[in-house]
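Across the two complexes that follow, chain A remains constant while its partner is chain B and subsequently chain C.
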Partner chain A sequence: MLIEQSAYTNRWRRVSPAAKGIFSLCGMIAAYAATAPATACGVAAILCAVTVLGAGIPLGRYLRIAAPALFFLAASALSLAVSLKIGNTVSALSLHLSRAELEPIAHVCGRSLGGLTALLFLALTTPLSDIISLLRRCKLPDTLLDLMTLSYRTLFVFSEAVHETITAQSARMGYATITLSLRSLGGMVANLSVQVWHRSQALHLAALARNNDGALRFLEPEHPDAPRTIPLAVISGFLLVFLAAFLP
Partner chain B sequence: MSDAILSFNRVSYCYPDGTAALNNCSVTIRRGTRTAVLGANGAGKTTMFLHLNGILRPTAGHVSWEKTPLDYSRATMRNLRSRVGMVFQNPDSQLFSASVQEDVSFGPMNLGLEKKIVRERVAAALAAVGMTETANKPVHNLSYGQKKRVCIAGVLAMQPEVLVLDEPMAGLDAAMQDELAAVLEQLHTSGMTIIIATHDLDFAYGWADEVIVLQSGQLLAQGAAEEILQDVKIQNELGAAPLVAEITRSLSLIGIDLRDKGYTPRTKTELLMAITAQSRQEATL
Partner chain C sequence: MHIMEGFLPVKHAIGWSIASAPFVAFGLRSINKRIKEKPEQRMLLGVAAAFTFVLSALKMPSVTGSCSHPTGTGLGAILFGPAAMAPIGAVVLLFQAILLAHGGITTLGANIFSMAVVGPFAAAAIYRFAKTARLPFGLSVFLAASLGDLLTYVTTSLQLALAFPDPVGGIAASFVKFATVFALTQIPLAISEGFLTVIVFNALVRFNPQELKEMNVVTAQEVQA
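Our next item is the complex of A and B:
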């Protein structure tokens, strides 16, 4: 919900999604092209600063959104850096940290961090419906886009249904003990499965009623700023890639 | 009737599980009228509505558009669905896109219209339901009443001749109901034929020109709202009566006949005005 909130309320909400998509893509390329781990971290810092200072996303919220991904990144880095060494006896079992491997691991982590901040830039400045229209313009398959559209919409419908079911179950002591909690959880899953079936039928009928006979078609939002912001995004994106690739 | 726009001729429909939802039902909807479809839960209202839009096909009998029986070909269905707009009861079951503007554009885009025309229609439809300011808002941040309006806008953008609404007032507070009633009134004034399924007898009595009463899939009565809803037999079948009709009848029993000038009050406002006029008349005498 924090991502959703940021996407709809940030300063660059109305900026062309194409411009933001290009800049984000350039950010990912720059992170990959970075010659040293420090450069990749520099790219990540620039992308983070652009998101926080440019789009006006509060730093605290940004860190809260990035925290789970950063946790996974740290865990992955640790598992890459530390390896289990098995000797001849059980007592010879030891954790091993290879100094030679640290350099490539730091590089991978730097790139991942850059990629993460580039994706966060797009996700926090652009609502998913705009990203879907952008992908539609990029000629992605209709089936994939329809699935994205419906999944995104139903995500909110079902999160509301889950919330209502949990409230109703809690009101009748449904989560008083562990056994009851498991039973309630099972009941909720069963109930939601039936709801999914009914709602998919209802959506199908609603689509038929509005003359739909195939792919879901929507009007793409207009972005009058595109002729100005797209070249700007291309220039700044290329500059970022150039700095990352050619700076020592 | 010469101006019949949609008609059912001895229509029966049986669901695949064997439930007979409509049984030998013959009704006529006249162009430009406001029709309320009444009946208990399971009476066949929603099934009837799904036939109006060609989503369900009768197992017996036929549905006609302007006296021509539907042949259910792809072209006929496309034509019918562009002329008969359907708004379902639950807004969350019919809103596809997370963006208001995109969702409203869904119907006109399906009609294959040019983007410029779609854009104009979306703007006009949102304005008609008073939702222009929410055009760029996400659907999940809207209230229930606002979602209902977006659903109506999504159908209006297809510029249908007939608007069919299944329980539009359900779940709305009094203020939202008044706002929706005003939108419907405006659409009726513009010449649109409106059909509504409702349990609200007071609303049906005050709003509808014609009433269709269904009972267990069969047509119990069709006719002028005033006439049908004052019929004690029908009231008994429905298990209730419009409050205004009951007060008018009770007043007539104690000698105050508000209908003596050939005019029957149908809404609370009309009833109050009639009582005030009667009191003034008696005071003058």
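Our next item is the complex of A and C:
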């Protein structure tokens, strides 16, 4: 996972997740507050520059990560640009490309770009474990946090199991045809479904052996930079929102 | 297909989040109840969320010859119940937004509603109805998985149509437009996912009937058949 690799290796890895969360949230608000498409694109450019130049994420990797979302945006923008007129008969069905509609579509695209770059700023600079501890401080329900923690800790185990199974199945021509592919995939998913029970039972026994009595407890990581970086994030975030809301 | 970050207008983003919240809260309440009765369910549901995430990242061959990703809503709803799937789906969708940049934070509510509420509840209802109608086990699973998957995308199309009504034809025309775009990929995908889920359940019934009976997914008679 490219995002996960960047989150652990970027320059701002040790910066307080609260500061990065606040700046990312302000970025999203700025994208929504932007009054013109160009302003929203400006917000996106600033957030992209901060992520690439500040946190040191290579631009090529950044674009590769953003590509699927940009593809969705392009397809959706095209759907929005074309109007459908439904008449009483099939021959009355017609497509229109309205010039007047291009302005609101540009606004949606600008806002989405701004939102995407704000999300990528947080995702590429902050490991998920830090985001979970940030959500714990935001007082999210314990059960939901336990689900997140357990899920995050096991998804790489499953990912490795999937990778190894696919390699073994491919070596035996398991994906040579569509029918064989479905059969191989079905066998693998069934096997993994059973592992869900087995692995969870093993985890439960391991937790019981350590006197677990319910909720999972973790030591919170300390961020000595927080008194400095949080006010900085608040000020720069508000500045971004102010610029987006009041620039023409 | 997830709705991307920032795509929905602010009122819609907030509205869908409010609409999803009671389902996630109800799901958490039901999970808490299950954990109180059986503490090992905490680990089971956490691991199930990881499994759903990995499942959604798998490449599945589509009947058109292309590749796509399964949603896992039907499989999850039958195995773990639709109520538990709302919080599990919320976690998976949040992880997809942060780890894969699929979907987003502002559109999380809308995506939860379509993929973690409508999909699983529809799949579970179809599976229950098919069992009541005494349809064969394989057909029940196929209908639940494929129709649950399709309804997910119908909901996404509706969400987009409500947010962006067509200037000429209104919400109905916009819905037709988005549904047509999705249908090209999603109908073959739903059929493939239906077949895949049947293969998974056939393997589970054959090799792990005890676990399925403990989860009340199948009866002893279905295992023998």
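In the analysis below, the second predicted complex is superposed on the first by the 235 of 248 C-alpha atoms of A that agree within 3 Å, B and C clash if a C-alpha of one lies under 4 Å from a C-alpha of the other, contacts with A are read in each partner's own complex, and residues count from 1 in each chain.
Rule of thumb we're sticking to: contacts are C-beta pairs under 8 Å (C-beta built on N, C-alpha and C of every residue); 3 or more make two chains touch, one makes a residue touch a chain.
Predicted model, so just to flag it, every value in this text is computed and none were measured.
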{"item": "Touching partner for A:219 - first (chain B), second (chain C), both, neither", "value": "first"}
{"item": "Which superposed partner A:149 touches (first chain B, second chain C, both, neither)", "value": "both"}
{"item": "First, second, both or neither for A:209, with chain B first and chain C second", "value": "first"}
{"item": "Which superposed partner A:73 touches (first chain B, second chain C, both, neither)", "value": "second"}
{"item": "Chain B versus chain C as contact partner of A:4, first or second or both or neither", "value": "both"}
{"item": "Contacts of A:162 with chain B and chain C, given as first, second, both or neither", "value": "second"}
{"item": "Partner chain(s) touched by A:34 [first = chain B, second = chain C, both, neither]", "value": "neither"}
{"item": "Partner chain in contact with A:183 - chain B first, chain C second, else both or neither", "value": "second"}
{"item": "Touching partner for A:48 - first (chain B), second (chain C), both, neither", "value": "neither"}
{"item": "Partner contacting more residues of chain A (chain B vs chain C)", "value": "C"}
{"item": "Set intersection of chain A contacts, chain C complex versus chain B complex", "value": "4, 128, 149-150, 152-153, 157, 199, 203, 207"}
{"item": "Residues of chain C that touch chain A when the two form their complex", "value": "1-2, 4-7, 10, 24, 28, 31-32, 35, 39-40, 42-51, 53-55, 57-58, 60-61, 63, 65, 75, 79, 87-88, 90-92, 94-95, 97-102, 104-106, 160, 164, 166-169, 172-174, 176-178, 181, 192, 195-196, 198-204, 207-208, 211"}
{"item": "Complex interface listing, chain B residues touching chain A", "value": "50, 53, 55, 74, 78, 81-82, 85-86, 88, 90, 92-99, 101-103, 105-111, 115, 118-119, 122, 136-141, 154-155, 158"}
{"item": "Complex contacts: residues of chain A adjacent to chain C", "value": "1, 3-4, 28, 31-32, 65-66, 68-69, 72-73, 75-76, 79-80, 82-86, 96, 98, 100-101, 108, 111-116, 118-120, 122-123, 128, 131, 141, 143-144, 146-155, 157-159, 162, 178, 181-183, 185-187, 189-197, 199-201, 203-204, 207, 214"}
{"item": "Chain A residues within the chain B interface of the complex", "value": "4, 8, 127-129, 133, 149-150, 152-153, 156-157, 160, 199, 202-203, 205-213, 216-222"}
